[in-house]
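Down below are the structures I want you to see.
Below, chain A partners chain B and then partners chain C, in two separate complexes.
Up next is the complex of A and B:
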């Protein structure tokens, strides 16, 4: 291996690592607030890419139907829960949040598709359509079992992933998509070309990482979200509503999945089932980062990307074996080295 | 008493009527969902076109029962059993993935029902007890035709990159079998997965051996990934592949990077460019018309044509088998099996078929032409 090849591999590794970093940060965000290891995160990112591609092709994306169905389900569940709790006067608000708002978004997209909107509008439409998905899934699937153990939440999360992959095939079809690059700029660093798209992904990962770090450590809402994660009952006693905290986390997470999807769509061919492997490699990064640290998860994910890149040069058939084997020594080291945290004792 | 007698008479009459109006029943299994669906959905559309093209044999109606196996071999097995035992089908056609096809073939052999496979089946059957045949060109032949073209183009050093699955192995082994002496040499064996996001490492390794040409052992949309990376790294040599790459999404995703790739494919892919005396020309155009009528959209792939050819093989054999037996009987199934294995010089849209006991495949070099991607369209390169 010459220094040239090593440099190209490193750049390529950082580019795919940055994608994993975005997904890893989103996974940490949802995990720290809700204790759910949100496996479908990668799927939502893949759906975003497919949605954008459908809008580029002037078609109504399958996500519109998905959001409409989820909205109806969530609204029905919320209404039943409210009526049973004897809080029927909160019904109009629930219908507005869970049914009307998502359906308005779907309506706007449906109307806008006919006018062949320019790229920035298409990006906004895509994000608008993707953002409701995770909060609606939260209401339908996770809210009723919010007090369950981490293991139960994980199992349900895996099941939800399989359901979403099936729905993805139904709504988007089996073929992959690749969208137009957001920027055609490229720079040269030390004789190696770096595409503008890679720089964009890196910047986004860095930005989200820093913003979330600041949000959770220096704002009241952020601290409230963290308090919910550590002890739901204690947080309620302090006047924090766990359900609302979860919704905020899922909204943020969904938005991040959307941004990741938009950023990776031009550099990778995305299929309805591409999200899982991206999510899994990001998850390795999350574990390396110790499950709760944003900068840690981002660095871990970058490391996974670089390792993967060099592994594919050395032995392409064993690439995934090398990446996932990495988990074993890390888990051993973490379990011997780190003291058990408060969260685990509470389990 | 009289009532009972008249009832018996009515029943007897009904039964006689059923026997006289016997129709040929076909069990068709394909993968409309799961990971084989990008091939399985075209198979389904191809059958619809075939029914549109020829809906009856010698005046006997054909009844088609279609089931989805979800790309799952155990579902394919269940479907095959259900079709044979409950629906009493005369013949099975299926399915999209190789493992499911092999599973169905085992059921067909066990319950003695003829089967036409639309996926490649590896190995050789027991000639005395063979109930199945396979329509598509075997992988070895696909690669052999490409290798012949490389030799004609005076390529010497070949780089290989393919999927890290059975398909990647088949193409690599086919290419390895074609090298030897002063001819082509396969220098690399790089692999990637369908869900991979980057192949930069593999491509750098290929570029390091300075190949004259690169052979792609991928399929569909993701077959374009090595080509995109090769173009990014400034590779100037030629590229080759197999028919597995031919689909509109490959061309769309590959764009400029895929330009100039040469693949071996069934003649149906370039039907209108074939010379007038080519065996597949007239039939392929008829197939396209039938497909358009049945599905309301033009054909864009070679897979649907395999179902169409399977249907041609079946209808030709059924026409001969009907002379000796009635549909729905064991005799008919046996006659149909014998006639399928007795197919001689039958021209389809992919190949000229010659089946005989002891071999699944019945195609030769005529079943493949080399096509080149030029300005986003496949061009016939004789």
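Up next is the complex of A and C:
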């Protein structure tokens, strides 16, 4: 391996690592606020790519139907829950949030497809369509067991991922897509060509990390989210509703997954089931970063990207084996390094 | 239901299984074959997940390792499938041992996530090794032969599969009712208690993990020789979660649940494949997994306990035999009264910037009751955790019976003869009183996994059960030994903890607020019990807030305040000490 190749591999790795980092940051966000290890994040990133590809092809993306179905389900569940709790007065608001808003988004996309909108509009439409999915899934799947153990939530999360893969196949079909690059510019750094897409990916990752940092440190909602992450009961006593904080976390998180999906779509061919590996690799980064640290998760994800890039140079078939096997020594190191507090799960 | 009735029902079930292939159609027999094979893997997972509390998504990978091992031996190299079985078991258990050794120190969800990671890594490995046929798999796997008889007919291998399933069920039931099995059942709910009983939680976890993999290996071996063809597909992450689903739907706490779950999931899958095309034509493949995952999520939301425990609730209470007098377990030689037993020397413990225990020294002599008192937050429980090894010291030395134990792990200290109770009661609420106390005898007994599964441990078990019953009677809980510990009021739970500690036959009994939550009469009885124990040369160290209880019971008192030792002496002297009064009452008026 010459230094040139190493540099190219490193840049490739950093680019895909930055995409994983966005997903990883979203995963940490949701984990800290809701304790859910949201495995389907990668699926949402993949769905974003597929949605954008459909819009590029002037078709109504399958996501629209998915959002509509989820919205009906979520609205029905929320309505039943409200009526049972004797809070029928809150029904109009629930219908607005869980049914009307997502359907309006679907309607806008449906109307816009006919006018062949330019790329920036398509990007916005894609993100609009993708962001409601996770909050709706949260309402349908996780809200009924919000106080369950982390392990229960994880098991449900893994099951949910498989459901989404099936739905993905149903709504998007088996074909893989690769969208047009967002920019055709390229630049040369030290004799090595760096594509504009790579620069864009890095910029986006950086921008969103900074925005998230500002959001958490300087807005009241951000502080409420942090409070919920530290202590749910305490936050509740301060008038913060954990369910609402969860919804905000899911919205933000799916926005990040959406952005990463848009960024990765021109680089890799994305299939309906590509999300699992994206999500899991991001997740390896999250674990390396210690589950609750944003910079840690981002750095870990970058590391995974670089490792994957070099591994695929050595053996393209075994790259996934290498990435996932490497988690084991890392876990070992983590388990010997820091003494874990004993999570006592009394039944 | 008595034991004899249970055995009768079980025998009838086995008889039904035996004759089933002779009146069912071949398709049903094949289905039953697959159910049996999945059941083996699911039983392993039921042990790991339901009993041991370790959720694994990687069981399919172990099944796969075994299937590939035997396929490689028998199809690629032409040796006997029985040699394949040997290699399958060795490979699976060795890999499980290594993976377990590396990952089992991890906390709950980290551990589960690591199972996703290595499960995937192993799956990708199957698909990328040329010698194993890549994603095309290995075909022409020979059938199993017994002597010259080839098991090619469905019903022939049926008998082998279900014979193994029934044997595994019996062995697992025996195991769970033995010394090692109880330790496995105690894993759920945290390591601190388990370790405080002299059980190495890590060792038991590893044992459970390898056992689950072993059952996966049996399943994989049978699978390879039943389907005669393998590819990576049936061992992917999706199958991993399907096994988990089987174990949980059946009722993860019970081994029979593994069989029931495997049957339900397999039959359900089968009928989903039949009926889904009728509802949505042309979309069956993808709908199947959606429907399946949705059902699983619904199940986890609504009926987590699973089917077998749910149905067991309708059965008449099992009538269990009260332990009968048996040979006594060997007892520890207690140190001579007055001999130095525990020496705490300049011990320090910090939590970040907070110094919880600062330069505390005291000694405990054999045969005395020493009281540790102090206002809330004085560091009493922290000292207990330090000297039982539940927490590490930041400085200073602790010696027990003349041997330094400062850096010993908790279970070694427990085995050296320190038994304890906890300020926040730690019991296994779903285990009976007797089983909870039996946990205490773990360090005094020796029967291993195999002895337990094969019932070679009965003599020792009888002794341990009788000893446990005696300790229950000693604390006044001998009336209902089969009551669940979770049903006791708090005061009695504390007594149960004391019985469990006594069952370990300790040299030093460390009691953290034993009288909290007891009524006055119960307190008097407890004090009487502790005095009787002192008469038996047992040394007792206790923390207690009830001053009347402490002052009338203990020989000496050590007073702590803000993490430092204030003074020590006899109760009367402490009562008159101005510094103590100031610490408790905020200055002498």
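The rule we apply is simple: the second predicted complex is superposed on the first by the 331 of 347 C-alpha atoms of A that agree within 3 Å, B and C clash if a C-alpha of one lies under 4 Å from a C-alpha of the other, contacts with A are read in each partner's own complex, and residues count from 1 in each chain.
Please note the rule applied: a residue touches a chain if its C-beta (ideal position, glycine included) is under 8 Å from a C-beta of that chain, and two chains touch if they have at least 3 such contacts.
Keep in mind it's a predicted model, so treat the numbers as computed, not measured.
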| item | value |
| --- | --- |
| Partner chain(s) touched by A:104 [first = chain B, second = chain C, both, neither] | neither |
| Partner chain in contact with A:178 - chain B first, chain C second, else both or neither | first |
| Which of chain B and chain C A:88 touches, first, second, both or neither | neither |
| Chain B versus chain C as contact partner of A:207, first or second or both or neither | neither |
| Partner chain in contact with A:166 - chain B first, chain C second, else both or neither | both |
| Which of chain B and chain C A:15 touches, first, second, both or neither | first |
| Contacts of A:69 with chain B and chain C, given as first, second, both or neither | neither |
| Partner chain(s) touched by A:287 [first = chain B, second = chain C, both, neither] | second |
| Partner chain(s) touched by A:309 [first = chain B, second = chain C, both, neither] | first |
| Interface residues of chain A shared between complexes with chain B and chain C | 166, 169-170, 276, 317, 320 |
| Complex interface listing, chain A residues touching chain C | 37, 141, 144-145, 149-152, 154-156, 158-160, 162-163, 165-167, 169-170, 276, 280, 283-284, 287, 291, 317-318, 320-321, 324-325, 327-329, 331-332, 334-336, 339-347 |
| Complex contacts: residues of chain B adjacent to chain A | 33-35, 37-38, 41, 164, 190-202, 204-205, 208, 220-222, 224-225, 247, 249, 252-253 |
| List of chain A residues in touch with chain B within their complex | 5, 8-9, 12, 15-16, 19, 166, 169-170, 174-178, 264, 267-269, 271, 273-274, 276-278, 308-314, 316-317, 319-320 |
| Contact set on chain C toward chain A in their complex | 53, 55, 57, 99, 102-103, 105-110, 112-114, 116-118, 120-121, 124-125, 128, 188-192, 237-238, 241, 244-245, 248, 283, 285-290, 292-294, 296-297, 300-301, 304, 392, 429-430 |
